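So that we are looking at the same thing, I have put the structure below in structure tokens.
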């Protein structure tokens, strides 16, 4: 158990194992994404109320779900880095932020594109949508703070503090946004619709959700590998690695 | 674990520092004992300020090695920590370093000793460059910390001021204190000055 | 109207200055001619910086008297005018003083001469205190202004750097330029140094 | 050689810091008047920008007043530690033999006294300018008193994390605005309830709870942030 | 001894300054993104504070967008000359053998490119979030392009006058907000007209006229202000 | 396949532009987050290997590390 933790803390080991995982996970992810997209776009029947526009669900929901989960991954990594002073947790946390921001962005953009045919407007100030917007700000805040520091070790620590503060705040933010919305008007627009989802739509959706999780993992590992290299640029093992690299 | 003599005020083991891709020093190990006056010497960019900040505990990342601080210390850095809007008197009375509560008499005496008699109640931004730094140096006359870390304390100070400061350093060392300082000037003091040379510096 | 010799670069008539209720100097009158090296001397708070800013034309109120500037001048003050976010190279190439457009070769040479070879493209905030000031001093190697006004140019510069600067000053004076500078250090130069003493200073 | 003078107790040191910060502010009276003037002027901007329909304005007054209070807090948060960082006082504070938790609270307390408290005290004037009803004004003051304290504490975290950056610029607003939002929501909701005659105490209680949480946790984050900033 | 190297021509020097200012901004990409993010977040504050009713929001959208543009300009104006003052560059600029009028225009130009222009270009996104109608968006962009240039110029005057003060802080907002108001009034009126289908060009023409006036006069005031600030 | 023809698939009863643009944006963003770390890693390795080459030729009087 402890030896596993020690290994996790060792950059060369992590770098290598991430490479091994990526070697099979990345192709699988890409194939799954392609299959899911084709299935959703071309091989399912349209929704009886929303018509073909509902096909956006196959990217919208996975992106939103993974973006939400991503923040927790980031916060946990931040906590580990602050409490156990594990440098690799720092790296993981930093690597989460841009991916989370990108996925949140996808969820927002696809959502608002979807909104135009269904609600007739690009944007509404609904509780869930607003909290998604806030999530985007939270992610961008971490990215921006990290980039603003020159000393990357200090940057990691600063971001860890910020993420932890965010962790305390996220429930408050979500709760408050929910209350804010219920204050003003009844939910005239229901994103969920009470329609029980048809299995022919559910399976491609599940596949897409799974592949977005895999996508997140892949990107995370790739980002971590790059980050490890940059931080360890002066150590022997990276130099050896670079020596074998044809430019 | 290496064991230093119990009475040293500061001990440094295996200190290595790399900044901006250059190794500034490696495997630095020394102790500072009571009665010692240590001048850190070296050309611009040698790493004197970086070393002092590590000794003071302000830098905590980016170096390897261990520093043991066994006593309260007083650190004066490149920035004077003098608030332009406050008068010299207020600057000392309300100093954020919070070592002790000084009474008015003590403060006036310290200011007089750094040559600011008559300037106690002038806002600090209306002082000249040297006077501004002197406000900071007045802390040395008030402090009871055994260990002083001074980063170029003579900057902008005139000849008379430098001589007086040197006397003060000797007094402090004589009382059983210790001083680590950086300076590009040669110290003219009546006691032994140990020199720690950081030779890596500018390439010129 | 008093008439100075036609070839002086700077002439000062009847300069009086009072700051913070104290008279710093009165009826100051002198000329700076080509080939002259003038050191303004005096303890902290004597009014050296104030005088230089009046000579440069930066202070325009609060004094009486007349200053005639007959040539372009280069003023280096307490603040180095080095932007922390720009590299030394960019700092010189895009300098706001806008005296001339220097090419890359000239800039590299000037930086090399102040010992910043290899640091041309490091952001200036990652330089040490002395290196930061050296970027500013590199302008002296580029400038073609006959008259230099330098306010404590040796601050934070190491011994080697001070010696090189002194050589440069002598060269400049030898070429027919003139230098007015303040410094608390004694100049070690191989030419005549005129000293203008502002004795009023600290009361200590 | 033993220390002759005793270091002042933490409480006393805190008071000294508070006094120091307040004196610094009072040295430039303009600094104290500024948030108020900012408040006044932005209140004046709204009718100019939105068009002067008085009945609508009253409906929006709670939101508008709260948004302005929030912005004026946001704008001043950045300066809490900046000047101390630049002149080296912050280093000395970190080296001081005093609990950083309390010192930090003193800084934030001074900031709140100078922005939040003052703003809350003068807000009735502006509320009347926007036709807010009298009972709502009381709730407005109470919600501002509590809410701005939370804002100051949260803003302090952003300030601590960005103070060491060469150009923090508006980064701080990006970092802390999301955390400001709950305060805005509950604060304006409290006032709006009061306008409608519904009891506002639940909302005030929530803000008070947030304040307790913030007092307990924010100084920790601020202290950690300052240590990082001074190091970088 | 005669000057060997020629001083660059004023136009060339201006371009160098512009490039310098833009590089300084680009060195921290965060600086460029920040005004935009600030815009986005404050846009989100309004529904949170005022309530999410879409039709009402649309009515307020012109005013809200203009107020935010104004605030974000106000916040950044302060920094135009500050860092140059603090590191001594400003003194050197005043001593330079170059026309100060043009140098100052370069500084202001860079500020406008980085705040006004960028903001105008992204404003359609936020306009859509507040349900502004499509034809009004065009007018919004045009009015912002012209109006923010006036704001930058006027803001520069405030910045020049306050840069030498030990703690300018929000003094600048006090000085320049009154001058911002006409721009706000005409700018938001133009957009409101466009929403209602009334031609907006008269208002745009007025803003353009203000811009011409500002370009001719503001640099003079800024230059004078800088000389005073450096002296004090 | 649900659609009869390519044009039907493209138009999707009028919803085509929405659906396809959403997917296109998604594709671009996903491609970006996949390619960016890859490019970054390559750049680092390339820079390091170039640095080492220069050092072997003795151009930079740098330190040799551990």
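Read from first to last, the chains carry the letters A, B, C, D, E and F; within each, the first residue is number 1.
Everything below uses one rule, namely that contacts are C-beta pairs under 8 Å (C-beta built on N, C-alpha and C of every residue); 3 or more make two chains touch, one makes a residue touch a chain.
All values derive from a computational prediction rather than experimental measurement.
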Required steps from chain B to chain C (each step between touching chains, minimum): 1
Pair with more cross-chain C-beta pairs in contact, given A-B and A-F: A-F
Centre-of-Cα separation between chain D and chain C, whole angstrom: 45
Approximate Å spacing (C-alpha centroids) for the pair chain C, chain E: 36
Chain C and chain F: spacing of chain centres that average the CA atoms, whole Å: 52
In chain C, residues with contacts to at least two other chains: 78, 84-85, 123, 125-126
Residues of chain F engaged with two or more neighbouring chains: none
Sites on chain D at which at least two other chains make contact: 28, 83, 166-167, 171, 174, 177-178, 181, 185, 231
Contact set on chain C toward chain E in their complex: 34, 56-61, 72-73, 75, 77-86, 90, 93-102, 123, 144-146, 175-177
Residue ranges of chain A touching chain F (in the complex, touch as defined): 33, 37, 41-46, 51-53, 55-56, 59-60, 63, 98-99, 102, 105-106, 109-110, 113-114, 116-117, 215, 218-219, 222-223, 225-226, 229-230, 233-236, 238-239, 241-243, 245-247
Chain E to chain D touching residues, read off their complex: 28, 30-31, 34-35, 37-38, 41-42, 44-46, 48-51, 60, 62-64, 66-67, 70-71, 75-76, 79, 83, 165-167, 169-171, 173-174, 177-178, 181, 184-185, 188, 192
Residue ranges of chain A in contact with chain E within the complex: 121-126, 130, 133-134, 137, 140, 144, 147-148, 177, 180-181, 183-185
Contacting residues of chain C [partner chain B, same complex]: 19-20, 42-47, 49, 78, 112-118, 122, 126-131, 134, 152, 155-162, 184-185, 201-204
